[in-house]
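The letters A, B, C and D name the chains in turn, as written, and every chain counts its residues from 1.
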Amino acid sequence: MLPSKSTAVISSNSMNPATTLDPGIGEKFSRRTKRAINHDGSFNVRRRGGPHRHDPYQWLIQMDWWPFIGVVVVFFGLLNTAFALAYLALGLDNLPGVTAPHNWWQDFLSALFFSIQTFTSVGYGHVYPGSNGTGFVSSLEALVGVLTFALATGLLYGRFSRPTARIHFSHRAIISRRADGLPCLQFRIANQRSNILIDLRARVLLKTVDPVTNNQQYNLLPLERDFISFFPLSWTVVHDITPDSPLHGLGPADYEAQSMEVIIQLKGYDDTFAQDVHARNSYTHDEIEWDRRFIRAYEVGDDGIAVVDLDQLHLTEPLEQ
Amino acid sequence: MLPSKSTAVISSNSMNPATTLDPGIGEKFSRRTKRAINHDGSFNVRRRGGPHRHDPYQWLIQMDWWPFIGVVVVFFGLLNTAFALAYLALGLDNLPGVTAPHNWWQDFLSALFFSIQTFTSVGYGHVYPGSNGTGFVSSLEALVGVLTFALATGLLYGRFSRPTARIHFSHRAIISRRADGLPCLQFRIANQRSNILIDLRARVLLKTVDPVTNNQQYNLLPLERDFISFFPLSWTVVHDITPDSPLHGLGPADYEAQSMEVIIQLKGYDDTFAQDVHARNSYTHDEIEWDRRFIRAYEVGDDGIAVVDLDQLHLTEPLEQ
Amino acid sequence: MLPSKSTAVISSNSMNPATTLDPGIGEKFSRRTKRAINHDGSFNVRRRGGPHRHDPYQWLIQMDWWPFIGVVVVFFGLLNTAFALAYLALGLDNLPGVTAPHNWWQDFLSALFFSIQTFTSVGYGHVYPGSNGTGFVSSLEALVGVLTFALATGLLYGRFSRPTARIHFSHRAIISRRADGLPCLQFRIANQRSNILIDLRARVLLKTVDPVTNNQQYNLLPLERDFISFFPLSWTVVHDITPDSPLHGLGPADYEAQSMEVIIQLKGYDDTFAQDVHARNSYTHDEIEWDRRFIRAYEVGDDGIAVVDLDQLHLTEPLEQ
Amino acid sequence: MLPSKSTAVISSNSMNPATTLDPGIGEKFSRRTKRAINHDGSFNVRRRGGPHRHDPYQWLIQMDWWPFIGVVVVFFGLLNTAFALAYLALGLDNLPGVTAPHNWWQDFLSALFFSIQTFTSVGYGHVYPGSNGTGFVSSLEALVGVLTFALATGLLYGRFSRPTARIHFSHRAIISRRADGLPCLQFRIANQRSNILIDLRARVLLKTVDPVTNNQQYNLLPLERDFISFFPLSWTVVHDITPDSPLHGLGPADYEAQSMEVIIQLKGYDDTFAQDVHARNSYTHDEIEWDRRFIRAYEVGDDGIAVVDLDQLHLTEPLEQ
């Protein structure tokens, strides 16, 4: 859970009231690294050595749909080919009902069709296991088949029920200016889905890299508002650049020199999944526009219903000087 | 999680101690909008443009049972019709066992029955694939069939296990008066289900619309009590209209002029689902009755068991002046 | 979530610093009620009127195993009997392969066996649908069958994966005495399962009934310790009866006159279910023993492993005066 | 949830501001116990007496994969053998289609193959139930079969979707020294999986055993930082040995005399499982090395991507004096 006070991300037991914050990404580096977080929320990190665990479940749950379907089809094909070859090795004479002319391709197809009929438990029975050998192999295949579809059931449910937030971020963060003249860092988000996010919280970190030592520093950027109760429309997240802000007094050249990256972490409760969902993103220094303001991205229709336009989420206009 | 102190919904990092609160529903509108939240908990918001994601899983999980059954039947019918047409195209001669007189409707039915027997993996076998073509198509259909039922399993489980609160709200909120004469806003809730909700929390926002600018403002209404440990009976939620309250000194005409809407958010732990459940509702200015009090909605039976009457939840009586 | 400070269960927005607490069980009653919470954690509450929702999923998830198996068998039997009667109505001549002598009982059995073979998708095929009528009905039954087993899969998973705590409570609460002479209320709990509960929290309420008005009052009883990090052995929960305690200065007769009931709510994270689990219980005034102390319920085996004895959890001895 | 302030694990209602903490593992023991927590996170505790609940679901969910597959195969074999014996008892004459020479082993195999074809709902039909007796038994077996695979589906999903953290701990904790000379206790962790842990929290307890009375005491060790936002690389957890620390002024001999054990509890949100995951470990006094420092375990590749080396997680070097 995100702490209700953003400052709580800094340990309460710190000896020195911490002004910097290492979010577990590391602090001292031999050279410049890429951005910490990519736009899809992944990290630019690799793992090496040790008892590294590849988790097939996680892999199958997280891959896109087309590769997943490919994996299913290939797995289904290979397993049935293997069983078909086993039936061929036992001899098709032991599968009464196979009547087609005997040549190797037709034999293989006959065995493959029988295998698939067994694996999926269709079992028409016009071909059936006529010996102990094919009886054993087909019994094993039937068990493997039902367990495989038990697995597939779990995987499909796992894929569908995995709670994911589809938060649409504005392409650029901007440096804008409040009515009282105070500059502020802003970006804008909207929900791509028609579901409702509740109790949405935002946390924003600033990553800076020392131009000389390459050491990385992480600072929490306090937000004008870090919590909203409901998230049906768009939300403009604002960090006021007060004299306390690590961004105070810096210009575009400083941002670039320090390889600044604004890291965003969102968390909310999704009514559909009935679970918390998370989203991440970051803006690097070249994804921050100066002296702009966002144009309102929603309007009210004739029927009194507010309409949010996801395409307009990115629209900004210059500040009048 | 709802913060344990209701004031925490206002960002702790606000530059100016916030008295208003934008719950992500928007603030500045070109014209009057409908109520923010409908009685079924939905928002009066539409989405447009952008990479809008229709999520079939969410759609199938959230629809009512009769439409869902309709979708299942139509999907089952269309898919089997398609496979039946494929078998027809390959020729019924390749499905040995089909013995009925050949006319197009009877042929189609024969192919359809074979298709369904394959799709559901019943596979009686009195009709069976007798060629490579029907062998391939029936193998594909068997795979599609078992994967479809794997999907259906996940969908049915997802529908049933989705934690939903069935909170019964009184039809009207009322403006009542405490024993010491202080006016207060009240509404009453009960649990429609026989399950037990634990650690139920309430949060109440007031939406007001500026009659001139149409700007919307959201204020948190502090509650006499915003948390109860157990929720077996009914709960009367009370906001005392102290001089600090945004409702202080206002009458029914003011409520209407400002298009006031009282927005309620409930959250509790459901013992059956073993998860948190949420409920939302709102009362618009014309759903608030003045100078009423609620009549007790529970009594004790002869067996010493308390009985809550959901029909009496709405009953109020005039305050004696 | 239980608040980290127990006092937080009393609303932070109370006008008067609350000393009493209505946990949603009701406050004013026309007559004496039974105990609030039974030993199995259920409440003595009924519901009446309104759009009362019976939720079959909750019912099937929460019932004991034997009744559940009974429901499954009866449902399976009735549905197959219905389909068998449909096949009989269509005429067994339309189910080629039925060869047994025709009498009504044998006919019914033949139709029933065919129905079950279709419902479970076994489909041997020695009997098969030989007309459009039986073709349609058997197609419908095959669809109903696979969807039924999809449902059963979800129900079985829901029953097994439902996180439940098996907390063993001492049969009696006791009034004991600290080393410094201060009296205290104690009860003892242990985990019946071999799983580990983490971050276990306890909250204890005292229900008192006014002997004259029958009004009920609920007070939070502060605990010497309301949180433990790990719960492998037993835990003695202690409320010190300081002058601030609502139990201060009261004797057994007062407990009975006020129908006192000590209500306990436990919450912890279960490592196996990977979810929070909850437990409830209560001790009524006649389940509280005076001037006792608990005997230690664990010892260290020869292998250096601590052993907790669930039978000794209840053992107490008199306080030496 | 771990409290945001570590001190909150000590009850806020304590009469005396607690300096020690009993984490439910027990306090007073007749003799020395083994370490409290093993490296696999299990506790050295046994249970005895009482209504001890063996939960088959938990057992099947938590066992390793090979034993689980063994249980499945044995269960499948025994159940089908039982049904095969039932068919034999009814007489193979009642299973038309069995054509093999009749000897007991071949008869048993024929019955077993028919049983498996029924259990898995393959039902080729070359053998089929030809009497009421075999009709009943095969109907029962088909029902048991589909329900068994419904169960297996739930178990497989439960095993895969159970959220587990694979945190790699350094083999040794070390006593190191800060730049300002203050000694500190350190250990290092990394994520074995390529998933991302968010909002990772650490809590560290110190167990000490009184050399004379064998009484155990648990103290919370405050951490330099007990929370990180993201956990892609490694994290060095640090307890500064200030004058307030229970470790202040102690040397290796004291650690051994008091059978010190440093107990670690980790909790974070796992993006893949979309749930919180927990990890536990402990270092006993002989697993703590003195006057060492950790060598950095990550570096930056040519492509600007940080690489963490799990093998180097354990590497330390002597402090220069």
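Assume a contact is a pair of C-beta atoms (placed from the backbone, for glycine too) under 8 Å apart; a residue touches a chain by one contact, two chains touch by 3 or more.
Keep in mind that what you see is a predicted model, and the values were worked out from it rather than measured.
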Task: Copy pair chain B, chain C: interface residue numbering same or different (half cut) - done: different
Open item on the list: Please tell me the distance, in whole Å, between the geometric centres of chain B and chain D computed from their C-alpha atoms.
Closed with: 36
Task: Averaged-CA centre spacing for the pair chain D and chain A, given as whole angstrom - done: 26
TODO: Would you mind listing the residues of chain D that make contact with two or more other chains?
DONE: 1, 117, 121-125, 153, 157
Open item on the list: Which label fits the chain touch graph of this model best, line, ring, star, complete or other?
Closed with: complete
Task: Residue numbers on chain B that touch chain C, as the complex places them - done: 1, 4-7, 72, 76, 106, 109, 112-113, 116-117, 120-126, 149, 152-153, 156-157, 160-161, 166, 168, 190-196, 198-200, 222-235, 240, 242, 269, 271-272, 274, 296, 298-301, 303-313
- [ ] Over in the complex, which chain B residues touch chain A? Could you list them?
- [x] 1-5, 8-15, 18, 21-26, 28-34, 42-55, 57-58, 61-62, 96, 117-118, 121-125, 127-130, 132, 135, 138-139, 142-143, 145-147, 150-151, 153-155, 157-158, 162-163, 203, 205, 265, 275-278
Open item on the list: Looking at the complex, which residues from chain A come into contact with chain C?
Closed with: 121, 123-125, 153
